[in-house]
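As written, the chains take the letters A, B, C and D, and residue 1 is the first residue of each chain.
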Amino acid sequence: MELYLYLALFSPLAGSLFAALFGASPKTIVAGVVPSVLLFVSFVSSTILLLHILSGGDAVHVEMMTWMATGNLYIPFGFVVDQVSVTMMMVVTIVSTIVHVYSIGYMDHDKGFNRFFSYLSAFVFSMMVLVMSDNFAGLFIGWEGVGLCSWLLIGFWYEKESATWAANEAFIMNRIADLGMLIGIFLVYWNTGTLQYDKAFAEMQHLDTAILAWMGIFLFIGAMGKSAQFPLHTWLADAMEGPTPVSALIHAATMVTAGVYLVVRANPLYDLIPHVGLFIASLGAFVALFAASMALVNRDMKRIIAYSTLSQLGYMFVAAGLGAYWVALFHLMAHAFFKALLFLGAGNVMHAMHNELDPFKMGGLRKVMKGTFIMMTLASVALAGIYPLAGFWSKDLILEVAMIEHHYIIYSVLLFTAGLTAFYSFRLVALVFHGEERYKLFGVHPHEAYKFMLIAMSPLLILAIIAGAFKMTYFEMVTQVLPATEYHIHSALTYWIMTIGTQLFVILAIAYAYKKYQVAKEDPAMEKRLCYKILINQYYIPYFYEEYLVKPYRELSTIFWKQVDMKIVDATVDGIAKTIYATGEKTREMQSGNLSTMLKWMVAGTVGLLSLAVVFGLAARYSDEIKVFLSGLGV
Amino acid sequence: MIEIGLTHYLVLSTILFAIGLFGVMRRKNLLLLFFATEILLNSVNIAFAAISHYYGDLTGQLFAFFVIAIAASEVAVGLGLLIVWHKRHGNINLDKMSTMRG
Amino acid sequence: MLEPVNVSLESLNLMTLSPMLIPIIGALMIIVVDLFKSGLDKTLYVMLSLLFLVMDFGAILESAGAFAQNGTIMGIFDVMLIDGLAILSQLIIVGASMLFIPLALTSKRFHEFSYPEFFALFLFMISGFQFMVATDNLILVFVGLETSSLALYTLIAMHNRDKSFEAAVKYFTMGALAAGFYSFGAMVFYALTGSVEINQIASVLAANKYADIGYVLIGVTFMLASFGFKLSLVPFHTWAPDIYEGASASMAGFMSIVPKIAAFIVAMRIFEFLIHSGVVWLEVILYIFVVVTMTAANIWALVQTDVKRMLAYSSISHAGFVMAAILIGTTQSNSALFLYWALFTFTNLGSFSMLWISRQKHIPAHQSSDHSYNKFAGMVRTAPVAASIMALFMLSLAGIPPFALFWGKLYMIASAVSGGYTVLALIMALNSAIAGYYYLKLIVYMFMLDPVKGADEHVFTNNASLSLRTIIGLAAVGTIFAFIAVNPLLEFITAFVYNSGY
Amino acid sequence: MLDNILSILIFFPALAAMFGFVIHKDSARAYGISVAFIELALSLLLWFSFDSNASGMQFMEQLPLVPAFGINYILGVDGISLFIIILASFFTLIGIASLTETKNVKNMIITLLFLQMTMVGVFAALDAIVFYVFWELSLVPMLYIIGAWGGPLRIYASIKFFLYTFTGSLVMLVGMLFMAYFYYQATGVWSFAILDWYRLILPETFQLWLFGAFFVGFAIKVPMFPFHTWLPYAHGQAPTIGSVILAAILLKMGTYAFIRFSLPMFPDASVFFMFPIAIIAIIMIIYTAMVAYAQEDIKQVVAYSSVSHMGVIILGTFALNVEGITGSIFLMIAHGVVSGALFLLVGVIYDRRHTKMMSEFGGLASVMPRYATIFGLMLMASVGMPLTINFVGEFLSLLGFYKQSHILTLLAGAAIIVGAIYMLAAYKKMFFGKVTNEKNRNLPDVNKRELLALIPLSIITIWLGVYPKPILEPINNSVESIVQLMHDKSITEEAKSRIPNLIEGIEITKTSTQGAH
């Protein structure tokens, strides 16, 4: 099994390095095919590992070599394939293999074709390290690695100012969270003496809750950055500047879910600190609603999907925060499939529309892009959580969890958000595929994507439809390591009311979206409303960051340089030197060159000494009298 | 009649020394400056002689003799320099003697 | 009737006189040779002087051997005092003179070296210094002081330039005033104790427990003024820069070393017993002198535009630095004084010789003075070896290890540290940093600036002859490899100083 | 030969430099490369014959220098100094090989070889005075390099560099003399041997003062805020080779000296000053990173980033536990490699455009892709990407200090944020966007000679990031012995509790022959 582990882990790296060899040469199809094949190898290896685990095999645990060892610290490159990580591996390898194949078509005309595959495979490698590592440090390697690849890929079209800006924003914002993560790791190390998951978690059972709470909080801060939770969420929407396959793979299916994975992985810790878990759940619920609200009015296809991702991440955190780790992981998996599909479909649309992103300029595309239309619609249905598609099984479960744990506010928020989700998803579908063919005004001639791209997408489609069927198998598998709480509403009636109610609510939302956007028209009245303005400006948060964080930082930096460093610190040093020099310039007049003056100086010196001598001599001679005198003065 | 004692000699010596110092400071004429330095040395000679007598010890007078001899050679060297200076510049004014400064 | 005086020749210990007599005989011989045949070449006189100095050196070594065996030797009615200090300082005086006298063998002709009197006076001067250090008697100190000073005035004047005459007159006049101070100071001590021998003065003063401290201080004041002049302590230093500038570079270099070591020895003899007897006033005043001299001279050196003048101020500063040894007054500090001065001899000899070989007859337009900084601009291009050697001396003066002067500074500051003068040690260290600037300035000119247009490329070794090169080479080797010599030197010096009771 | 390998390492370049005066100027570079190569081979030999499991000094040599005053020529290496020595010889080779100066190449090579002597000397010296000799002597070649080959402000910069560090080290010298004097008082013998000093336990007040005196010298060299202002000038004006050596090796002298002198000699004072120094380190990290962000000149960005990274090194040093100190030593090497490479990279573009202003560039990624890639790699190393060399050091340093203070580490951890900000901003300005300046349109990509220098550095950056063990292990052993020594020597309760007690009874202070009394 170790061989498969290494194969699964290192084939993406090999693919990346292979593509990198062609980095500076013109486009060659080999640079795309070989990494894809290698990823497929990785996928197959992961499947074998999955089957091994499913068949009741032990977790595969290897320690490749020492990384850092000093003092008591010992960090190996250790990898573990257990029920949780194999799930993630499957998600990662499936989606990434598909995205790779898809990208061969998508990036067909791009001059950075080879480079793109190098980055993309590197990303997959980092992601694999992240999920397979058996310790926090290894996790952090992957964590930073995916951040780096995300930076490279968001800024892939580096000639675009907005792309590079978004890349840097994503990197820096993630770094802020990574600091939290790092501190969390330090806390783990100094309190448990190890960074290995198993040992550390075992040790945590004996620790003080306060310390555990801090650990949980700091690790979660790390998760907030990667998973773009409020207030570190702005980068995700901006990250849509990257090529669409990147958005599908990184910013929908895998990297952004790393935060959820971390919480799931650290479940023994979060189990001990339910109050932190509650905070995570509440934040998740808030983000779910918050992101969905921004998706309602947005006029950028990819951003709408990005907000939807954000919203779904909120769902996952609700589940994870409430201790339903397996539910969170399940939704993660289901979401990866349909959201990647949605993005890839959006990629097709973009290609067809020559990189146009505003759905108001599209419409009626279902005629020319039948395959894409079907896939995106089904993906949206899955996203909306309609029975029996993947989203129903996973999302409904989260609602139930909230209900059963008696967090009714969270439940209502999530329920409401489910409606919003359905609305904005179908708003998009309606605007893009139905109604008038508005694109004709812009002289665009859309065409369907390459066939092999559609074929590549089809496994995702299938998974998006049938993922729910794996629920029980999955449950049995992961609950060997995760807390096996089954969430069943005790009363069957309530269960049915809830389920059917939810379904109805969602379908209504879909119908409303269709009705409203079947005929797309600009709505100036709405656009003047305050709430629209707030939503379209993303609650003015990016503005706030720019005005009150970025600008002051820039200005403060300049002040530090020009005023503090140059005018105070350096000027002090130079000032000392200059003062000494100026003293010399001033007092050199003493040396007038006139013999008379020189003689006077000598005499003056002597007389000065003499008077000092006399004073001292008198003081010595009359010391008794002086003492008497002084005591008379009361000294 | 006041008994002239050691103190008087010493006071005289000191006064002469002060006069010499004053001359050294005030004189702008090189030659007169030399006179002032001679006064300095000779004032000390008086004191040496007086102290020598006071202690009944010849060392002081010996010292005075050496001072006289040295003063004489000083004058020799000094006048030599003065004459060369006068030959070259036609003056013996101290204020004219400041090409080097700073 | 006076009793016939019976003095056995044995008790006179005439041997104590021999080191001083040798240069005197040499001087007389040079004059006699000139009487018989005038117009002989300067090489003859240089070599004759050198020979006599070598003999002198040998004689001092002889007495060093005697000292090592029997301890301090007194001679000639106890006027002569040959102790460790006397021997060490004479070694430095004669050794330095031996290195300086060949500087007369320049490739260009100079007025002064054509006179045999120059060399005779030089030898007289040496013996004057030797007398100064090898006695306890204030009279003999005075005689030695004046003999050497008067010879020195004349030697400066013999350079036969306007500036040299001006320098000589200034030096002479101020020297005369200092002589006055000295004799007055000696008179005060004589009046207080009835003696002119320092150890007797010390014992008499100690016997009456410094009852007349006020008068003692007056005597000390005049002594301070007089030696302050000789050692160029601020504010008695005003002569130094002018005289260095006016004198020829070789003579300036000589002046920066030999007269000062002689004065240091006398100052050591006079002031240290006072400090050890608890004259706090003197300690305070010396402290002030040391700090002010070091610092002020450094600051003035910063603003100089002429290298020789800068070196003059630097010498003042070094003198202030070394004066600290007398203030501290421990065996370690006194040893440090000798170590410092021995190493300083090599470095300063080297740097002034470098100026000497670049002596110009006429000053070109871009130079404001004989050795102005811009004369040396871009020197590394035209004379790389000379520039490197000059830089070496500058680095040594700045106290960059492992060059000669670093070891001196190290030991001196260490003596301040172990003497309990923490703040003084810090001030000494920081002053070295200030000094770094002006030494660097020359290096910057030589290595980092472009030459002034139209400057004469050959000026830097204009005056060089084989003997000058040899001397500079010796100085350079001494400066670089000082670290080898430090240990034997230190052991030798410490033993001599310790056995002299200092 | 192995018995005297350290002396050979020190004086071989010096001797070669002397011979170099004779070499014809066209052959000077080949000569320099050969010499530097032999030196590197020798230093690698040192590494291979180094016993990684021993914690004490190895290859000790001793010769009397001024025995009357306790000054001896004592050399030795342990895990702490070994790799910096190798780094020094490595960078001299790289520096000479990639030299692009055309003016007075021969003088440059000779100067570099002398500089190499002083660098190796500093790290091999085990006698305070010998250490000081090389420490000061290293200023002279650097002064010449900056002053003779530098930019328009070169003279100001070089003098500032020289005088500033000189002043600091003179104060340090006074401290050393005091230390020797205390040793003399305690034992009756003068000694400047560091290993002798290790055995001296001083009262706390003495420790505080001496720590202060040493601190002045080291802090200026490091340079620590607010003594850092000489560095931007020195870097800004120095030629590429000067900046590379300065950043890679010379700055490490200060941090190395903290570990060699301050920590083991004054454990209580180290604990006493731990928090003030940590605060200075944090100011260095954040403040200088912000200043770096404001820069317009790419070289200044790298220069200020050096200060910022040195802050992390200082923080790790004053973690006073094995993790932190090991991390800081590793980070010294890492920062040497990375900042050296960054300065080389800046030099590459400077050679082509003769400007370092970032506003002059833009879009270089499409013109010079290979250059952009290597720059990107070094940038990522500089911001502490895991699996690059910097991360190991940064992680361990911060991890170590976390034991001492949570909140300060949190602040210091901002390094990873602010570092990313200025580095990414600079990279964006230079490499991203469209080529706007016509002059940049046809710039040639990195050539073979430049790659010759950059590729080994890139390999090291990754290799030691992935597999730091060969270096980390010897460092760890030596650091453990130092920490144990500190624990044993410390006298205050505070220090005893702050400095961990590792294993009972490690005997580490190998007594030099002076030590027998």
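Here is the rule we go by: a residue touches a chain if its C-beta (ideal position, glycine included) is under 8 Å from a C-beta of that chain, and two chains touch if they have at least 3 such contacts.
These numbers come from a predicted model, not from an experiment.
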| item | value |
| --- | --- |
| Most centrally placed chain, judged by C-alpha centres | D |
| Chain centre separation in whole Å, for subunit C relative to subunit A (CA means) | 76 |
| CA centroid of subunit A to CA centroid of subunit D, Å | 35 |
| Approximate Å spacing (C-alpha centroids) for the pair subunit A, subunit B | 95 |
| Separation of subunit C from subunit D, taking each centre as the mean of its C-alpha atoms, in whole Å | 43 |
| Multi-chain contact sites of subunit A, meaning residues that touch two or more partners | 577, 588, 591, 593, 595, 599, 603 |
| Junction residues of subunit D, two or more chains touched | 163 |
| Junction residues of subunit B, two or more chains touched | 24, 97, 99-102 |
| Listing of all chain pairs that touch each other, if any do | A-B, A-C, A-D, B-C, C-D |
| Residues of subunit D defined as touching subunit C within the complex | 64-69, 107, 129, 132-133, 136-137, 139-140, 143-144, 147-148, 154-155, 158-159, 162-163, 166-167, 170-171, 173-174, 177-178, 180-181, 184 |
| Complex contact set, residues of subunit A against subunit C | 577, 580-581, 583-585, 587-588, 590-591, 593, 595, 597-599, 601-606, 609-610, 612-614, 616-618, 620-621 |
| Of all residues in subunit B, those that touch subunit C in their complex | 10, 13, 17, 20, 24, 30, 33-34, 37, 40-41, 43-44, 47-48, 51, 55, 57, 59-60, 62-63, 66-67, 70, 73-74, 77-78, 80-82, 84-85, 88, 97, 99-102 |
| Subunit A-touching residues of subunit C, taken from the complex the two chains share | 169-170, 173-174, 177-178, 181, 213-215, 217-218, 220-222, 224-225, 228-229, 235-236, 238-239, 241-242, 281, 285, 296, 299-303, 434, 437 |
| In the complex, subunit A residues that touch subunit B | 588, 591-596, 599-600, 603 |
